[in-house]
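In what comes next, chain A is part of two complexes: it sits with chain B in the first one and with chain C in the second one.
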Partner chain A sequence: MAKASEFLEARDLTRSFGGVLAVNSVSFSVGEGELRGLIGPNGAGKSTLFHLISGHFYPDKGSLSFYGGHIEHKSPAARAKMGISITFQAVHLFSGMTVLENVMVGAHTWTKHEWIEASFRLPRCRREERSIREKAMWALEMVGLDGYKDYLAETLPLGRQRALQIARALCGMPKLLLLDEPASGLRGDERRELLSLLEKLHENALTMILIEHDVDFVTQVAERITVLDQGQVIAEGTPDEIRNDPLVISAYLGTAISHEVI
Partner chain B sequence: MTAFVEYLLTGVSRGLVFALLAMGFVFIYRVTRVVNFAQGAFAVFGGFITYSLLRAGMPQGISELLAVIAVALIGLVFGIITIVGEIPLLASLVITIGLSILSEAIGMLIWGTTPITYSGLAGHDFVIFGAFIQRQYLIIGIASLAVFVGLVYVFGRTYFGKAMSACASNPYAATLSGINVKRMGFIAFMLGGALGGLAGVLITPLSPITYNADVSLAITGFAAAIVGGLASPGLAVVGGLVFGIVEQFVAGYWSPSNETAVALALLVVLLLWQSRWVRLGGLE
Partner chain C sequence: MIRRMHRNIPSFASVAVGLITLALPLFLSSSNIEIYVNIGLYTIVVAGLSLLMGFAGQVSLGQAAFYGIGAYTAAILAVHGWSPLVALIAAPIATAILAFLIGIPLLRLKGHALAFGTLAIQLIFLAVIPETGALTGGSIGLSGIPPLRIGSLEISSGRDYAYLVWIVVVISLIIAGNITRSRPGRGLRAMAASVSGASATGVEVERYKLKDFTLSGAYAGIAGGIYVFFIGYLSPDAFPVILSIEFVIMVVVGGIGTVSGAFVGAALITVISQVLSTLGTGPSLPPQLPTVLSLGVYALILIVILRLVPSGIIGALSKLFNKVQSASPVAPPVIGNSVETVSTTDNNDKKEFTLADEI
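For the complex of A and B:
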């Protein structure tokens, strides 16, 4: 197992939009196999930080290393091929395609065959298509959607669409899975299913970073939690440490109020 | 009856050629969101290159195949010029117009201003219901149907086709699934080039082609593509057939000089009708 500093390490990551510093010199590291929670009030910079890791945004300054190599200037597709996968808070599916087809697209991170091989059905393409299908079915079973494989993706209820996103990410055999508020808007039973899925993935030693608004949900699964506020890391520790951290409490109650009290 | 059958069959096969052009628009638009105004230039290059290869003594079939491959490569170059880097979408549109003008200039420099043509694959013409049909129309039918079947197979059944459809459906999620959407865009341009080139190769034996034929070809192809909101290859084929048949009936029963005007009027009607029920793109 790689040491924390060798797996994912951010140093002084900074990104602003106009005059707003969305992520302000954030440094943190995640160890292999860890399930890290990332919490913070609205606008704390959690999703921006995710996009800096996935490559959808590039940092203004700072560095990001994955398995010891710098990745801050790599394209999102290149990072996906290295094993960094993201699922979104807003559901992004491929509409007009079935559940199984949606998941199969996730395999693009590891397939090698080219369009010309696909056009002529050359052996490598046929071989890879078989393993893509197997992997996609495995991913669907993991998230409990194997019974829905022939449904059109957009016809599923929200909870299952979220699960489908996770299955698509899993089909890409990620080394690091970024989950952006997977529980938001889910019903009680759907949350429990999600919780047990995350536990199962954690047992399989998949490294995950989980953004979640609901602190209770995070504390149930995460080993360590990083807290962001106004683009900066204000605390990091075990769920218990975080719950009792005065800075965290003040961030969640609102700094404006505490200033007035002082 | 004889005239009717003749107009119908020639309309269908010309319609299939428009459909090839229209599908080029659709594939490029779906993946890159660029309306490629240089699509007509692909057809012109297809005809010109075949003509030159035939003059150089190459066998017919080989010349036509090589021309399609050459135009696919031209399509790739056009794609790279149009969408490389972080070019805004509107700029890409203007670039394709520029490429279309540039193509006309290149066509005029190399092949001159006189219309060129060549005879299609050898063979006898045939008669259906008393109508005299040139063999080239049959060849157009077979070639374009084979292409349609191939595309339906690749896009409907193969993993690669699904990945390309994924780019069309949600480029953002496709990128984060590890798909290089830009590269898919280049492939779409190459496919658009091949389809346009094939259209030119097939139509030149029937209607001689000039360096500036690209505009009218592009307009008809675009009109056919807009029937499906630029998003559906299947509806683009329907659109192509409608335009081909209407054009032949107008030319036959009324006057050939009115065929373009009627096609354009039909385009306006379709755009109005289509805007009521299909969002442009019909996608997310």
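For the complex of A and C:
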């Protein structure tokens, strides 16, 4: 198992949008197999930080390493192939495609057959297509969507669309899964299903970072929690430590925090 | 059992269409055979363009130029003593290489800017041909193109070409279908639905766009190659801007992103174009009338299709077929109300989620 500093390490990551510092000199590391919670008030920079890790945004400065190699300038597709997968807060499903097809797209990270092989259904194409289908069915079973494989993805209710996003990510066999508010908008029973899914994935040693608005939800599954406020890390520790941290309490109560304090 | 019969309707339909296609050339007059061959050639171009528009989400207004480049490649090689068959095979390859090279800078443009960029390819093509008379025959044209031979078999009559074209149509549609149903095709469809979602799953969006553009060039190139042997004479007048626009309309009418829509769109627009040309040509009528009539009618068709059946004829039929098949008393919610929605109508197994499924 890679040490925290070898698996994912961010140093001084900074990104601004038109003068607003969304992520400001963030440094943190995540160990392999860990389930890390990432919390913070609205606009704290959590999603921006995720997009910096997934490659959908590039940092203005700072570095990001994954398994010891720098990745801050790699494209999202290249990072996905290295094993970094993201599920978005606003569900990005592929409309017009079935649930199964959506999940099968996830297998792009570990399959190789290209256009000419696909055009003539050459052996590697046929072989890979079989394993993609098997893997996709496995991923659908993991999230409990195997009975919905032929439905058009966009016609599923929100809870199942979120599960579908996770299945699609799982089909890519990620090493690091970034979950951006997977529980938002879910009903009570759907939240419980999600919770047990996250526990199951954690038992399978999948490294995850979980952004969640609902602090109770995060504290139930995460071993350690990192707290962001106004683009900066203001605390990191076990759920208990975080609950009793005065800076965190003050951030969540809406009291302005002086940056000199940090 | 009834359900199974319903499921088989599309395959019955394809077999019927196939048989009619095979039998038709035996009964058509020579001028009608020409229209028939043209429908086949346009189906090939439109299948390629549909892959580009429906899957990579890009509009190309320069497809007639690629059609022309394929035609000129085959003609120039054949005139210079190459075997006509080799010249024909070289047509899609040369066109694909050119599309690839043009695509590298061009595909940095997006949306309307890309459409105008492709229109520029068409205009440049039309400007270059008259200036390169020594090679291309210029405005006067290129004649003396030898007949096409495959082994000892000479393809000469309209009927021969009708069969040749439709063999290539079938191969093109099979290839397009194979691509859409496997990894690259799923990547393309994902990309058309959500670029960030696709890139997050490892789809290399820019590379895929370039490959799709190259493939659509190859499709236009082979069609152009067959065209030139069929006509036996080549001039730039055969590749006007309006032909590029017709290709786009054929894609929209048939159904963006549907492989079988290519044939429906190509057939319908080719026939309409012929009818308008006949109506607009007469001793007392101005010579521009057919073009003006066509432009007006195409605009009308575009508006009607995009307003009423944005998924095109095949898309609409497939939706109707799915509804009949599920025999649901409550209409499921219709998702996707714009041309951006990619329809994969060749898969009739997909369902729409309704409240009843929750229970």
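The rule we apply is simple: the second predicted complex is superposed on the first by the 255 of 262 C-alpha atoms of A that agree within 3 Å, B and C clash if a C-alpha of one lies under 4 Å from a C-alpha of the other, contacts with A are read in each partner's own complex, and residues count from 1 in each chain.
Please note the rule applied: a contact is a pair of C-beta atoms (placed from the backbone, for glycine too) under 8 Å apart; a residue touches a chain by one contact, two chains touch by 3 or more.
A quick note: this is a predicted structure, and the numbers were derived from the prediction, not measured.
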item: Room on chain A for both chain B and chain C (clash or fit); value: clash
item: Which superposed partner A:247 touches (first chain B, second chain C, both, neither); value: neither
item: Residue contacts with chain A in the superposition, chain B compared against chain C; value: C
item: Touched partner set for A:172, first chain B, second chain C, both or neither; value: both
item: Touching partner for A:155 - first (chain B), second (chain C), both, neither; value: second
item: Contacts of A:105 with chain B and chain C, given as first, second, both or neither; value: both
item: Contacts of A:93 with chain B and chain C, given as first, second, both or neither; value: both
item: Colliding stretch - chain C into chain B, listed as 6-14, 204-212 or 348-356; value: 204-212
item: Common ground on chain A, meaning residues reached by chain C in one complex and by chain B in the other; value: 54, 56, 75-77, 80-81, 85-86, 88, 92-97, 101-102, 104-109, 111, 113-115, 118-119, 121, 125, 128-129, 132, 168, 172
item: Chain B-touching residues of chain A, taken from the complex the two chains share; value: 54, 56, 75-77, 80-81, 85-86, 88, 92-97, 101-102, 104-111, 113-115, 118-119, 121, 125, 128-129, 132, 168, 172
item: Footprint of chain C on chain A - complex, ascending; value: 54-56, 75-77, 80-81, 85-86, 88, 92-98, 101-102, 104-109, 111, 113-115, 118-121, 125, 128-129, 132, 148, 150-152, 154-157, 160, 168-169, 172
item: For the chain C and chain A complex, residues of the former touching the latter; value: 175, 178-179, 182-187, 189-190, 192-194, 196-205, 211, 215, 257, 332-333, 335-336, 341-344, 347, 349-354, 357-358
item: Partner chain A, residues of chain B touching it in the complex; value: 150, 154, 158-166, 169-170, 172-181, 187, 283-284
